[in-house]
Amino acid sequence: MKISRYVLMVGVLLLVFSLGTAFAAKNTVVIGLQGPITGSWAYEGQMAKQSCEIAAELINKKGGIMGGKMIELRVVDDAGEPKTGALAAQKLVGQKDVVASVSTYGSSVCEPASNIYEKFKKVNIGYGVTAVRLTQRDFKFFFRTCGRDDSQGRFFADVVTKKFAAKRIAIMHDNTAFGKGLAEDTKGALQSLVDAGTIEIVYYDAITPGEKDFHVPLTNLREAKPEVWYFTGYYAEAALLVSQARDIGITCPFVGGNAAINDEFVKIAGIDLAKGCFMTNEPLPSDLPYPEAKEFLAAYKAKFGEIPSSPWPIYAADALNIIAYAVDKTGSVDSEVLAAYLRNDVNGVPGITGPIGFTEQGDREGVPFYLYVVDDKGNIVVSE
Amino acid sequence: MHVILEQLINGLTIGSFYALIALGYSMVYGVLKLINFAHGDFFTLGSYLGYTVLVFGSALITSHFGLWGGLIVAMTVAAVSLAAVGLIVERLAYRPVYPAGRLPAVVSALGASIFLQNTIMVIWGPRFQAYPSKLIPNVHLQLGDIHITLLQILILLMSFILMGSLYFIVQKTTFGAAIRATALDRDTASLMGININKVIFFVFTLGPALGAMTGIMVGMYYRQISFTMGWNYGLKAFTASVLGGIGNIPGAMLGGLILGVLEMLGAAYISAAWKDVFVFLILILVLIFRPTGILGEKLAEKV
Amino acid sequence: MESIKPSGIKSIATSQRAQILIVIGAFMAYPFFASDYFIDIAFFFGIYALLGLSLNIVLGEVGLFDLGHAGFYAIGAYTTAILNTKFGIPILVLLPISALAAALFAYIVCSPVIHLQGDYLLIVTLGMGEIVRLALINNPFDLTGGPNGVFGIDFPSLGGGLFIDSSIEFYYLIWIIVALSILGLIRLQNSRIGRAWNYIREDETAASANGVDVKNYKLLAFVLGAALAGVAGNVYASKLMCVSPESFTFWESCLMFCIVLIGGMGSIPGVLIGAAFISLFPEIFRPFAMYRMLVFGSAMMLMMMFRPGGFWPRKRGAVEFRSILGAPGRDDG
Amino acid sequence: MADPKARSQADIVLETKRLTKIFGGLTAVNHVDLRVHKGEILSLIGPNGAGKTTVFNVVSGIYKPEVGNVFFNGRDITGHKPHQIVSYGVARTFQNIRLFPDMTCLENIMAGQHCRGKAGLFSSIFRTSGQRREETRIQEVAASRLHQVKLWKFHDDLAKNIAYGSQRMLEIARALASDPDLLVLDEPSSGLNPRETENLMEFLTGLIETDDVTILLIEHDMNVVMGISDWVVVMDEGRKIAEGRPEEIYTNQRVIEAYLGKDDEEEEAAYAATVEH
């Protein structure tokens, strides 16, 4: 064997691997963003990236932080998968100049990533991760700006059932981390009512995400004769379910979870089917009454032509803002200091999605939920 | 009682889509003994092409050809272009690899599948596209208390027409005999004067064209398409073609319909969440007792 | 580091032995030159190398079409996750246990279908892989945590508070396991068992007519392959500290299939190169974002066009038998 | 060569009783009784489709007979699996050569030794001394068989790359490598040129002395049958229609009819004339 492929192979591998040396630190504050830029949630990832760019621009226009330091956003794609989630986190943690990280959409991707951030003691804030368990691990460096499944489940149990005075409730989820989590929390929240006998869960099953045909489970659902039907999955399946439900004669009101209804849903289902569909959701960008929201959305629309169609990118922008705010107020980039500050001294700080505060476990305090409905012009408005 | 009947129709509708796509797998496998993983993406590409024709050309087309005309134009455009794509893929991805045996061809097919899937994503974007819903008036019919839509009947009708015509071509015409002969034994068939390239040409144009038409039907029926749907439908259709006896055209049709009904039974009577587990268990049981699928002929090992 | 070249296997020319030592040296020294991120990439390269080696036994040596190997990988990972989080069994103790669990699962599941040929076996293994993944999602007996998976898995502990938790330690853990597997597999290749596997791949009827119990040897290949995949699952689970069904999709099985094919069926160096291609390619081309998979797909097609036999196909015939050549040469006609 | 007259009951190596194999409607083998005696060469002849290869496949365990039994050295091996039967000592070759194409000639021969080895997974991985000794023995047996068929110079070449005639001999060598008591050859001379056939006949007769082995073969080439067989059994349409010493069979009327079909007098006369050349 001539000086063969072995040596050649090793040489190439070493060269490729040593590309990752860190760059010289400029006088900027670097904040990382990790999100599904590619993969099945590429749409959410791209909107989050654009929102963080706008948030950074707004801060920099106002003179930056810590006396003039500019915010630099460093984006890493984690393709919406657990393994690449961990790799992306490792990449950001490895770059010493990254102060903290806005970390990612999708609970099962955020989990391995947050493990790495915790091990390397780096503040990371989730923006599209509602699984309750993420903040049950008493991590010191993990926070999230979005709400939790259980609070949305309680909202459904307390408010929605009373609004429709519904006795027979059908819950359908899509076996994803988010969808199943919300369905189980809602079932838990309804348990007291079920025990009291005031309501009855007549249908509880899952559909397979990515599929198109749901006539069969829907026929079962119709036979269960529910008075309210709560679907906790994503908007792609929600649109299919609503159109196929009307096909087979299901007339009870449709209520979606906070990922079920957006302008994509209205476009696919068509206005005549979408109107009258309800959704439990955190405040949508368009309904944010806060001045910070108006300013942010105006800048976003100016640059990208339309405002984000789901709440998650807005939470990403708020995550970046609160990191910048903490760095500015503490004057330090050390994660230990920042984590303590975020946990103890941040409450009621004005943000795009309303006043920001974190609980002891890192959850977002006081996330209001509204009941939205699609009006006959196809807009999503607050119905209550 | 009416529920079972209604569920049966639901099952058959899903099954007819699987059957039509499974035909593409079985034809290509029959002639080349190759699992054409890219076939699922032919189906998606056909659907997207139909979408583009119907959305952008709709004003022009419907005015000239009327509503049904628009659909037919979309179908032909998608079918013809997919026939071309099928040939290109065969020429570029399969022909050079094929002599090296069947396994490299599987990897090449997987490569072609990813390539096509991402090309669709790059061209049409990662977001879901919605078929124009006003195309087919969504009339609800109520036979007794069975809910069935006009679209469902149309789909079932169209699928059986397509399947019937393909069955007729393959089973009853001389060219069909040539295809079956090539499927049984390529070398002997070519010795008997059958032009193998013509058969391959036929298979790699008709298969993708059929897939494209199915893609448009799915787009019309569900009104929502995504660039990854080819992967799910392809996997199910391939399962159906093996269930029916891979390489066997009637087998693919039967396999598809049975798979649809099995899914219906799983979802309706077990649980929608466990439906696919149920389907794959049945498939494995069938193959344990009939190792070459339902209609697959028993290949006695010639020692 | 005991010498990689065990005595008695085929005599390797000195230049080849030098090259192997260079490679080992490079792999040992590598973590000191790279940042944590690139060490982690090399770690996942190691995981795919181990998975490639495990599938190579079934697909490369015996020629059985297995497109559901991710099922065994998942069984290993979940056995580790569940037993560690529920009963606190240390990870390194779970290493052999998860290998055993995957092997047992393979034995039970493959026995009734082992007689299937070619594409029918392919679809059955595909079905089994999907059944495993879907069962994990549907959370039977509330064990697998459904789509959220299982979280809070510990790090492998060496006892006395010593943990494997840094990237470098995980890197060495996986690559020592890969090295030992390679050692074992090379010896198997040159043993009566390895030959029996290849006889089955070449001609099943002739193999059984020459005394090879085809059914048992096929099962042995599946069981051994599953065990190795189970080990990969164990290390993967403890590295990520959580497991979820998304990591064990049909696409993972396709990647393993491609690793063996692109590398070269039955060729251990080939599988390593195949694993490098499959694991590094998407990472290196990450900046291409949308076009990454486009390039990946075309690379697979081109690879099969120019190297259908694989990047480094197994060279047969390099088998010199000193003991025979030494025997008094008998000239023959 | 065993004394043809004294084919006594004692030294029967292989015996089939009322052997019957049915494929769908066709009775390929119909109540065949066959006796092969130690140290003899028995040829099984008959027109194509007479069921000869089917008998071989039943004897070697590839097919299970519907009726009847197969005894080897007195032991009933009916329905046993092929890999068991070869370990009892019945090695076979195939009508169309079934070697291991992409493996070296030496590795092909080593297959024969497979059933003689015991090394399991553990001993192979940890290379126990027993396993190493066994490997050396396997290699030596394979090498000696390769020398025996004079193909040692191809030991490192792939089986698919050597000449057709050599492949025939390689397959016989592989069968011999399992040190069988009974060698079952399915048309070993088909496709060989006259010189190779001559060598084969010489080789087979030589085998009887050197290797203390019994040979059962299917053959179409009459001068091979006449040349080396101690006993001949004739089959037609699944039935045994005659058996005896080669000379008797050669002139047996029913055999001639089986081969040449029933035709008019002068055809037969012409045939008979050729016998006294």
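Order as written gives the chain letters A, B, C and D; numbering starts at 1 within each chain.
The rule is simple: a contact is a pair of C-beta atoms (placed from the backbone, for glycine too) under 8 Å apart; a residue touches a chain by one contact, two chains touch by 3 or more.
Not measured: the values here are computed from a predicted model.
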Inset, instruction - Could you tell me the least number of steps, going only between chains that touch, from chain B to chain C? - result: 1
Inset, instruction - Have a look at A-C versus A-B and report the one with more C-beta pairs in contact. - result: A-C
Inset, instruction - Could you tell me which chain lies farthest from chain A when each chain's centre is the average position of its Cα atoms? - result: D
Legend entry - Inter-chain centre distance, chain A versus chain C - centres from mean C-alpha coordinates, in Å: 36
Inset, instruction - State, to the nearest whole Å, the distance from the C-alpha centre of chain B to the C-alpha centre of chain D. - result: 50
Legend entry - Where chain C and chain D are represented by their mean Cα positions, the distance between them in whole Å: 42
Legend entry - Numbers and ranges of chain A residues touching at least 2 other chains: 42, 175, 206
Legend entry - Set of chain B residues in contact with two or more other chains: 273, 276, 303
Inset, instruction - Going through chain D residue by residue, note those that touch at least 2 other chains and give them in order. - result: 62, 94
Legend entry - Complex contact set, residues of chain D against chain C: 60, 62, 81-83, 86-87, 91-92, 94, 98-104, 106-107, 110-112, 114-117, 119-121, 124-125, 127, 131-132, 134-136, 138-140, 143, 147, 150-153, 156-158, 174, 178
Inset, instruction - Spell out the residues on chain A that touch chain C in their complex, using ranges where they run on. - result: 1, 4-7, 9-10, 13-14, 16-18, 20-22, 37-38, 42, 77, 81-83, 86-87, 90-91, 93-94, 107-108, 111-112, 115, 119, 131, 133, 137, 175-177, 179-181, 206
Inset, instruction - Would you pull the chain C residues touching chain B in the complex into a rising list? - result: 59, 65, 112-113, 115-120, 122-124, 126-128, 130-131, 134-135, 137-138, 205, 250, 254, 257-258, 261-262, 265, 290-291, 293-294, 296-301, 303-305, 308-309
Inset, instruction - Write out the stretch or stretches of chain B touching chain A in their complex. - result: 3, 6-7, 10-11, 13-14, 126-128, 130, 133, 138, 140, 147, 149, 218, 222-224, 226, 228-229, 232, 263-264, 267-268, 271-273, 275-276
Legend entry - Complex contacts: residues of chain C adjacent to chain D: 6-9, 184, 187-188, 191-196, 198-199, 202-203, 205-214, 220, 224, 316-317, 319, 321, 323-324, 327, 330, 332-333
